[in-house]
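Read from first to last, the chains carry the letters A, B, C, D and E; within each, the first residue is number 1.
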């Protein structure tokens, strides 16, 4: 009973906490590397920020949808947790090994759009509402690209299970076998965690967008959920494209965390280097440029899977 | 979790869907009722697939086709609402007598 | 059994998210009305933000629901692709071609622009 | 015991400051952006210290009270070179720019460790309209769309949508003088339908912006061209800093600010220009807002040159002619063209400054000078914020704010930078005037 | 899939999920805020999806999640766009012919319930070793390939129909401008033009079509 139930829960909670902290520290490292000096110790700053948010009072708007407003950050955190639960750390060490874990990750992405819109809507304030609605345009567009790319990954594995997907990359990692896959999937990752160029939900021109009316503990949970979703996404990207736990010499989980850190730093770097896209151009880009590219990636993956 | 309990649940969902579709004044809420009916139909289809269909693949395909019907019905329904709303800002089922003008 | 573990994980993390918000706020006073005015750089809104919001991409969303169905068909196809070989590739190629005709038509009609 | 350990930990982080800009306040903003321990935030909800930078005119006191009350507990205020309100107790007032960051850190630390108690709300604790117990079910509203449910009326549809004929609810609100994306001090009444601007009425014009002293001297007597061109380049870089923050490029905007801070004839723009063009700043970000010919003539200066008009007072000046100056201009006149124009002008100014410094050339023609805001012959360039009223309707929210950030509409102040407004008694303390 | 052998945990889970589905289904029509209504429906769909997973139809259950998440988001957008008082700030009663609706609902439930209780359905449970996704895939590409391709065609017609109906500004300019119904005989003035349009070509936005 223990290993069946409590081990997965402990694993996911451990990944959430350590992953969230790693994202905060890595973000500050990338910022100071790119020239924004960071005050105080980079390792201590996330703790100090969390403590400050816990002591700050939570804000309220005039007539919010209270339950949905408090539920949305927690739901986003729960989605990140279910994403992390599906990531395999080694052939046997995986929190929940569903037969259709690839489809479950697709539904986590779709439900993330629902939760972010709910967070923007339930504050009943203008800037949050615009942020929520703008994000849904992006949120509904990146789902298709993500699914084409993930189906391309599932082709050689002949199954929708992440452990099988990793097993199918025994000979060659998908990042080399399907070259278009990882770049497209990184764009989906930026969209899903509204980070950097695709940050239409909590952008600076909306004074914080969906999060412009929250402060104190709700904002702490929202930031932690965003960091956790970044970790979950980098886990899935490492599993689908970088061969998960496969790798010479080092043990499986160590390889997995190295690959996740690599994907995380690429995402954080992209987030700092690229300006925010205009929403209209973003939707057109997704549908007219990236979708055909994911078609090509799928056909490429099919051809390679057939001739192997 | 026997076949009858599943069918009772599906019947309950279909009942609520019928109530919703008939009682709501707004076109969009009426479509919510239809969605709930199709939800019950899908549950019944899977229940039959699992208990008395010996896992026949056609059962799953039927469920996917019902989902396709739900998606298409919803898309066309909202497109009609947009077209009608652009004509005359009406959303109540009573006032939508004619589609022509 | 994995499903049960997944549900437990969801419930535990959801509870943790709500608890972290609720515990510190238990003894915080309800903010005053002057603090609850939405932030507009010192300005005030005339009405509630909740309104019949004029979404500008509504035809894109409708197009998406129809296109989303393709996803439903493609996952099982991916599982049996290697077994069935070239036949599967041809069938899915036809399926994708049919639906991409719809997208090219929508693009020509300017559906992806802000209506 | 655990609580004050939390407070002690909280006091060690960076100081979240929400800056409210008064006259000559944006210089303070740029100075603080460079100090690492201060974190300038976009919304009062994210701050624990409200910094009032520069003197706030009386017609903006009401919005300032609103913003003051929107900070969550525990918070406090700090007044820089402006008179704090009498009824705020134990409020710090700073006049010297150099010890402002230090003062902010100490105020924040005191606040976190409880040595300084939080400021109190100024406005009464009353809903915008009384609603408890009124209306059909006591929520202050009647019927479907009537009454003031929970204190505010419901949004009604005022006018047809200007683009796709669906008449849905439009949201009217006033975007205040302290919204960081607008030029300091500007307030406007905006009507949106969805995120598309239907109408834009500028209500409070932005504060007149002070220019470098060298432009004032250039009107009386010949001044070295190198100094004029460096001041022009610094002004453009400061505007680029605000726009890049709005576009989400934090690091590049701080790099622009550092470049402006230590600007000399030897500094170049190439690294920055490559970073911007490679990141797609000129193609994929929010754009739009193309100026018509008469609008361009009305505003003048770089914005007009971005719209294809090549009039520049410098081309009539013999000194510039000797340096081989010819005005650079774009064609489209929209937001991206204005940014390309700005970068070209900075490049040109640095090039002219290098040549002029080598040959010690001075301006010849006194009486009129081409300021970064526009030509200044007999009258100072006036405020052009009325331009937004016709330019912005029809733009999406992001495009509208990008257009506002790209257009320099504020009028020129009668005093150069750093000179205290006549009303102030004490002259500015240590700090050199020019670096504000 | 041991979940099929009717363990106690599975039965409890089923009862909880059934209650959740019915209650949220009921709340859909009882709540005032449209966004809450659509997301209650989403919760009801998710509950049905989890029940499907319990029934060993793994793929269908999880596919329900992402399919319904997208549809309910779009449903929420449109309900807020077209419904008066979308956020339910003024509690409203948008119901008509209440009695008939309740009667029809209860009647429907009774009829189907009776059928469920009385009819004898063949008892052929799913074979243990069946892989649902693989059997669905083979079925789709093999015997019922025709259904699969015709579904694609129907989806194409839906996409074109949706774009024609909903987008205002097509390639040839706005839909409303200048679009006049054709005359009965070629070249005659448009048939069925309402009288009030006679007073000149003044193009009025509202009642032009």
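Here is the rule we go by: a residue touches a chain if its C-beta (ideal position, glycine included) is under 8 Å from a C-beta of that chain, and two chains touch if they have at least 3 such contacts.
Remember, predicted model here, so these are calculated numbers, not experimental data.
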Self-check item: chain D reached from chain A - shortest hop count over touching chains
Solution: 1
Exercise. Taking CA centroids for every chain, report which one is farthest away from chain C.
Key: D
Quiz item: Using the mean of all protein Cα atoms as the middle point, what chain has its own Cα mean nearest that point?
Solution: C
Exercise. Any chance you could check whether C-E or B-C wins on number of contacting C-beta pairs?
Key: C-E
Quiz prompt | Remotest chain, chain B as reference, centres from CA atoms | solution = D
Quiz item: If you average the Cα atoms of chain B and of chain E to get two centres, how far apart are those centres in Å?
Solution: 5
Quiz item: How many angstrom lie between the CA centroids of chain C and chain D, rounded to a whole number?
Solution: 35
Exercise. Round to the nearest whole Å and give the separation of the Cα centres of chain A and chain C.
Key: 14
Exercise. State, to the nearest whole Å, the distance from the C-alpha centre of chain A to the C-alpha centre of chain E.
Key: 29
Self-check item: chain E residues counted as touching two or more neighbouring chains
Solution: 54, 59, 63, 66-67, 70-71, 73-74, 77-78, 81-84, 87, 89, 133, 136, 138, 140, 151, 155, 158, 162, 166, 168-169, 176
Quiz prompt | Residue numbers of chain B (touch at least two other chains) | solution = 64, 67-68, 71-72, 74-75, 78-79, 82, 85-86
Quiz prompt | Overlap residues in chain C, where contacts from two or more other chains coincide | solution = 1, 3-4, 28, 31, 33, 35, 37, 39-41, 45, 48-56, 58-59, 61-69, 71-73, 75, 77-81, 83, 103, 113-115
Quiz item: Which chains are in touch, pair by pair?
Solution: A-C, A-D, A-E, B-C, B-D, B-E, C-D, C-E, D-E
Exercise. Flag every residue of chain C that touches chain D in the complex, lowest number first.
Key: 28, 31-35, 37, 39-56, 114-115
Self-check item: Residues of chain E touching chain D in the complex
Solution: 81, 84-85, 89-92, 168-169, 174, 176, 205
Exercise. Would you mind writing out the residues of chain C in touch with chain E in their complex?
Key: 1, 3-4, 7, 48, 50-55, 58-59, 61-73, 75-81, 83-84, 87-88, 91, 94-95, 98-99, 101-103, 105-106, 108-111, 113, 115
Self-check item: Touching residues on chain E, where the partner in the complex is chain B
Solution: 4, 6, 10-11, 14, 18, 21-22, 25-26, 28-29, 34, 37-38, 41, 44-45, 48, 51-52, 54-57, 59-60, 63-64, 67, 71, 74-75, 78-79, 82-84, 94-98, 100-102, 104-106, 108-109, 112-113, 115-117, 121-127, 130, 132, 135-136, 138-140, 144, 147, 151, 154-155, 158, 161-162, 165-166, 168, 175-176, 192, 194, 206-207, 209
Practice problem: Can you check the complex and tell me which residues of chain A touch chain D? | Solution: 31, 34-40, 44-45, 47-49, 51-52, 54-59, 62-63, 126, 130, 133-134, 196-197, 199, 203-208, 212-216, 219, 272-281, 285
